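The following pair of complexes shares a single chain, subunit A, combined with subunit B in the former and subunit C in the latter.
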Partner chain A sequence: MMSRRVASCALLLCGVLLAGAGCERESRPFQQLPAASARTERPLLSQNTPGGRVGESPIDTGASPFQENAWGISEGKRLFEQYNCVGCHAHGGGGMGPALIDDRWIYGNRAANLFDTIVQGRPNGMPAFRNKIPDSQIWQLVAYIQSMGGHAPLAALPGRSDHMRVGTPENARPATPAVQTGHP
Partner chain B sequence: MTRRTGRPAGAWVATTVLSLALAGCRGNQVIFNPQGPAARDIAQLGWFLFAVCGVVYAMVLVALAWALLRRRREDDQGAGATRAITRTVALATAVTAALLVVLAATSVTAGRGLTSPSGPGAITVDVIGHQWWWDFQYRDVTPSDVVSSPNELHIPVGVPVVLRAQSRDVIHSFWVPNLHGKRDLIPGVVTSLWIQADRPGVYRGQCAEFCGYQHAHMAMQVVAEPMDAFLAWIQRQRQPAGDPPDQEALRGREVFLQSPCVSCHTVRGTIAGSRVGPDLTHVGSRLTLAAGTLPNTRGHLAGWVADSQSVKPGNRMPPNVLTAGDLQAVLGYLRSLR
Partner chain C sequence: MLLVAGTVACTGACGNAPNNSNDNSQNRPRVPAASAQPAPASGPRSAPGDGAAGADGDWTTPGRDPGLTRFSPLDQITPQTVSQLGVKATFSTGFVRGHEAAPLVVGNTMYIVTPFPNVLYALDLTKPGLPAKWTYEPKPIASAQGVACCDVVNRGAAYADGLVVYNTLDNRTVAIDAASGQARWVTTLDDINTGATMTMAPLIARGKVYVGNSGGELGVRGWLTALDLQTGKQVWRAYATGPDKDVLIGPRFRPYYEKDRGIDLGIHTWPGLAWKQGGGTAWGWVSYDPALNLIFYGTSNPGPWNSEQRPGDNKWTAGVFARDADSGEAVWFYQLSPHDLWDYDGVNESVLVDLPIGGAMRKVLLRADRDGYLYVLDRTSGQVLSADPFVHVTSTHGIDLKTGRPMENEAKHPYVGTVVRDICPAAPGGKDWQPTAFSPRTGYLYIPANNLCMDFEGVEANYIAGTPYVGANVRMYAGPGGNRGEFIAWDPVARKKVWSIKESFPVWSGVVATAGGVVFYGTMEGWFKALDAKSGQLLWQFKTGSGIIGQPVTYTGPDGKQYVAVLSGVGGWSGAVVAGQLDVRDATAALGFANAMTDLPQATTRGGTLYVFGLP
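Right after this comes the complex of A and B.
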């Protein structure tokens, strides 16, 4: 009798903990005004090693704050289309610009590398979005781009699209370790 | 025991309910105040169904009360009583069936009237649903004359207006109760309906299909005006934004074009040409901001530009931190876009 009560208490506790974990995954920080609207305006000149400047980035946290956040990743997915990233990179498969879904990265696929790529632009076509996209949205884009190759917790990966599906859903892609090539 | 003098509580309740109900019959977002042929058909059908069902409901309750209060009699089991019961039940069944046929017939007739306009459509407007705002695009043979009027549908009075409804993200539903019933906006499909307003006025509409976090703040204004006023309006809307009238607005345009605003908004006549957010070419002339959420005043606009997430959490516009001078300049510029 006692053990049954203990077991049901444990079950309840597990349920509460699971629900709590779910809240983390879905948290939507709409109103964090200063952080959400900051814009990286300081011009940064590239140093010689492409993608090798991690640690000197203005907002280098090592990871996007939205990396494990399902809402942030899906917002990134929406912005990826609305800011016309799809115009060059297609839905990850690449076109005029390099593919983002594969394991080859010219400038690295760490969050700070991707942030710098978006803010500063890169040679041969990638425009600089400095001052045109608030930092919080850039971090959402970074989280989504990292998730394209399957590098995000399964629970946070988007499984649906607003448009007709063009490939394997993000949450069903095999994750392969990224390679920084340093050249196209 | 303390007893309130004056009118008893029942009378207060009845007065309140009655006045609320009557107030509900006059508003500009009410089906019982039809302002067009389609809404009138719907309102008539509604009142007819209400009357028939009300009478039937009252009759059933009377019969039930009579059956409960009536005492048993000695001849209840007799052959005569059985015949009488059979006759009554048969009669009631026949009346019920006939009523259902009548209700179905009126409903079908009203439905057919709603799908065919009373004449050729005067203008065609594309209704595009976004999370969480409406875009109304006036189609024209010349592409440069296509006008986009977010959250505000201007229509001429007395002629049918054909609406082609689409959605860019999830399912929305177009509903202006004073003019017509609901029509869903479905991604990938074009649905259509026609509306007609008989009298000039401003009618409020609302998204009628849950579409996400700010579904409740997805409203629109339908401005019905005489044909010449409508033509003057659309002529004005076709013009691109002119030069800023003063120094403040000039600086505001500079700030606008160098900030994230241009990543989403269009101001025709400038380099801002993105189609993600609402067209701002004539934002100063509109009645409301943020899809009917705020009145269009300088103060509300300031709150919206600076921190829209406090007004309408979750909406697609990121907050903007601008210095006080830049913010005032942008406000001056946006207000000058009339």
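Right after this comes the complex of A and C.
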């Protein structure tokens, strides 16, 4: 009796162990995986999609809510100074970080690219601001950064600053189509 | 009053009296600790860890000798033979950022450190084409590039006792076995999340490696650290701000001037706790005097540039420290720019020579400083013997030799919300990091200089660790004459410019002077030039592939012939517009340097290459 009980206990324990490790290894839960489309929320950084493109452009995933809003862009300009973005990117010409008023964009200049760049950081030096800045301010920064290169409606673009003149004001800069270069 | 323990006793009245220099009769400039060193009688040619220069044909440390004279005793290349120089070998480093390092030559091997990612190549000088013997890749953290203020440069390695020692951008000092290329030790000294990086070239002396951090534009608290050469363990660290115990200020500290005396000035000359983010980094050069057993180095600008946010003298930034080489104790300090208003960083090299001044041989320290003055200091006491402008200066009216203070021009004082114009020199100074050379043959100091002025507007700076802490809008432009650079031969005894060559761009390369009577330097267009050391006549030049901001060296090859080597590869603060592909439509790009360099992208392209030149 005793030995049978021990044996059944051992069997039970074994079953638990199997369920915990072995069964997990053996399971094939492909039905539960999120649909592939659910993983395309983030912007793509490649224009090369194996098998060809399906549906809309995978690059563009929407604009900043402040894209056409003068107040939001102006707030972005203020924050660009106060969060020390200006320390690395200067007034768009760059320095420690790359220029933001030219047409070369390492990781793309769509709103979602810029949002990700600010939140996640980038490997060659861009700090990650995740959990440091509220999302609404990040979208204001995104709108301002796009406006630096003239990529905003003229009516919403900032004009001359009340500071030392550093170059042509945002509302007088020619917008140049951005190119994602991929390299610093 | 002024007693420098164990060395030279001197009083405040000693200005005209001879000090106890052991050779007052010799009335010509001398290089005390440099090329006079004989080569070791036996064994491999090497620099022992006591700070001596290597053998005549070697180049074991960027300054060539611990006095940083960059003077080579080699004399095959002369004003007569130099025109026959030709390219003997080239080597692509594989990187495109600014190449500021000096190649080292030890015996039959050349060592080159690249900018980030700080690869170390060992090249075999005995084989045609200089193939690599080995390569060491420290693989620094890529994010370090985001906290390097002025391009991701490295100023080179130092060699002693079979080890090649250098710093990585992510704050490691590494010691590599010169024969095998294997790391002997790796010591991590700071954290990029504070904004710190390391770009300077170490100095090795007394069995120690002296290294300092960079980050004066990111509110980094500056330090200089001594590591044990054999183990990499920290021997001492001296901060540039904070309480005296952190700065290693103790009973031996005897500054010459009243302004530099007091208790815990590293706290009290700052508002609140601003000293904790006050800069004073030691990213420049360290020199060493074996007879005095003192090391000399400069501390960087205080942070932020906006001076209204840091009322006070901001000790111990923008000045020169003399410290005991073994204990690190401060012996004297001279603050060049108290409460620095214009980013007049104090990191420039202190060149140690003995000069006949006032009828006696004096142990002096020559500094072509950022503030535009050529200082001659008594290196035993820190007394300023003379300070004369070597470039156009509007920011100050001169240096008061009684108080040691610069006489500031109130009209050039920057304030928040005001644009102050025509401040000369500009923030990079009359001369930035690019090192001078001193020839005991001519008695001249050869200065690679800038001729730049700037407009400056103070703005509020916010301190966020790991981001810039500057608080200034700056735009620079050429000074009087329109040339942005000048190569100057300066007589520190006569206190005057002897001759100079105007250059279109700032001269951002180092200099080498030789016993053959030739000086070499490079331009940002890429010309590598040889001048007659005496007359300044251009004798020879060669256009390299990219702008030159590196430090030339000269050495004897395995064939017994003299060679000259330099890294070409534009970048640095001045060349960031090309190396970093900046947009010069923004005058404030690269902290305002871009405005002065709008035509550099037409003059040169980026890319790092070693060039070796030799006679037929």
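Keep in mind that, in the parts below, the second predicted complex is superposed on the first by the 122 of 184 C-alpha atoms of A that agree within 3 Å, B and C clash if a C-alpha of one lies under 4 Å from a C-alpha of the other, contacts with A are read in each partner's own complex, and residues count from 1 in each chain.
Convention: a residue touches a chain if its C-beta (ideal position, glycine included) is under 8 Å from a C-beta of that chain, and two chains touch if they have at least 3 such contacts.
This structure is a prediction, so every number in the text was calculated from the model and none was measured.
Legend: residue contacts after superposition of the two complexes on their common chain; A:27 is shown touching neither subunit B nor subunit C. Comparing subunit B with subunit C, more residues of subunit A are touched by C.
Residue contacts after overlaying the shared chain place A:176 against neither subunit B nor subunit C.
With both structures placed on the common chain, the touch criterion links A:166 to subunit C but leaves subunit B unconnected.
Of the two partner chains, subunit B is the only one that A:136 touches; subunit C does not reach it. Contact with both subunit B and subunit C is seen for A:82 once the two complexes are overlaid on the shared chain.
Shared interface residues of subunit A (contacting subunit B in one complex, subunit C in the other): 82-83.
Across the complex, subunit A is touched by residues 142-150, 217, 419, 455, 457, 459, 462, 464, 466-470, 473, 475, 576, 580-591, 594 of subunit C. The residues of subunit A lying in touch with subunit C in their complex are 81-84, 86-88, 90-99, 101-102, 104, 121, 123-127, 163-168, 173.
Residues 169-170, 187, 258-260, 262-264, 276, 307, 309-310, 313-314, 318-321 of subunit B are the ones that touch subunit A when the two sit in their complex.
Across the complex, subunit A meets subunit B through its residues 28, 30-31, 33-34, 36-39, 82-83, 131-134, 136-137, 162.
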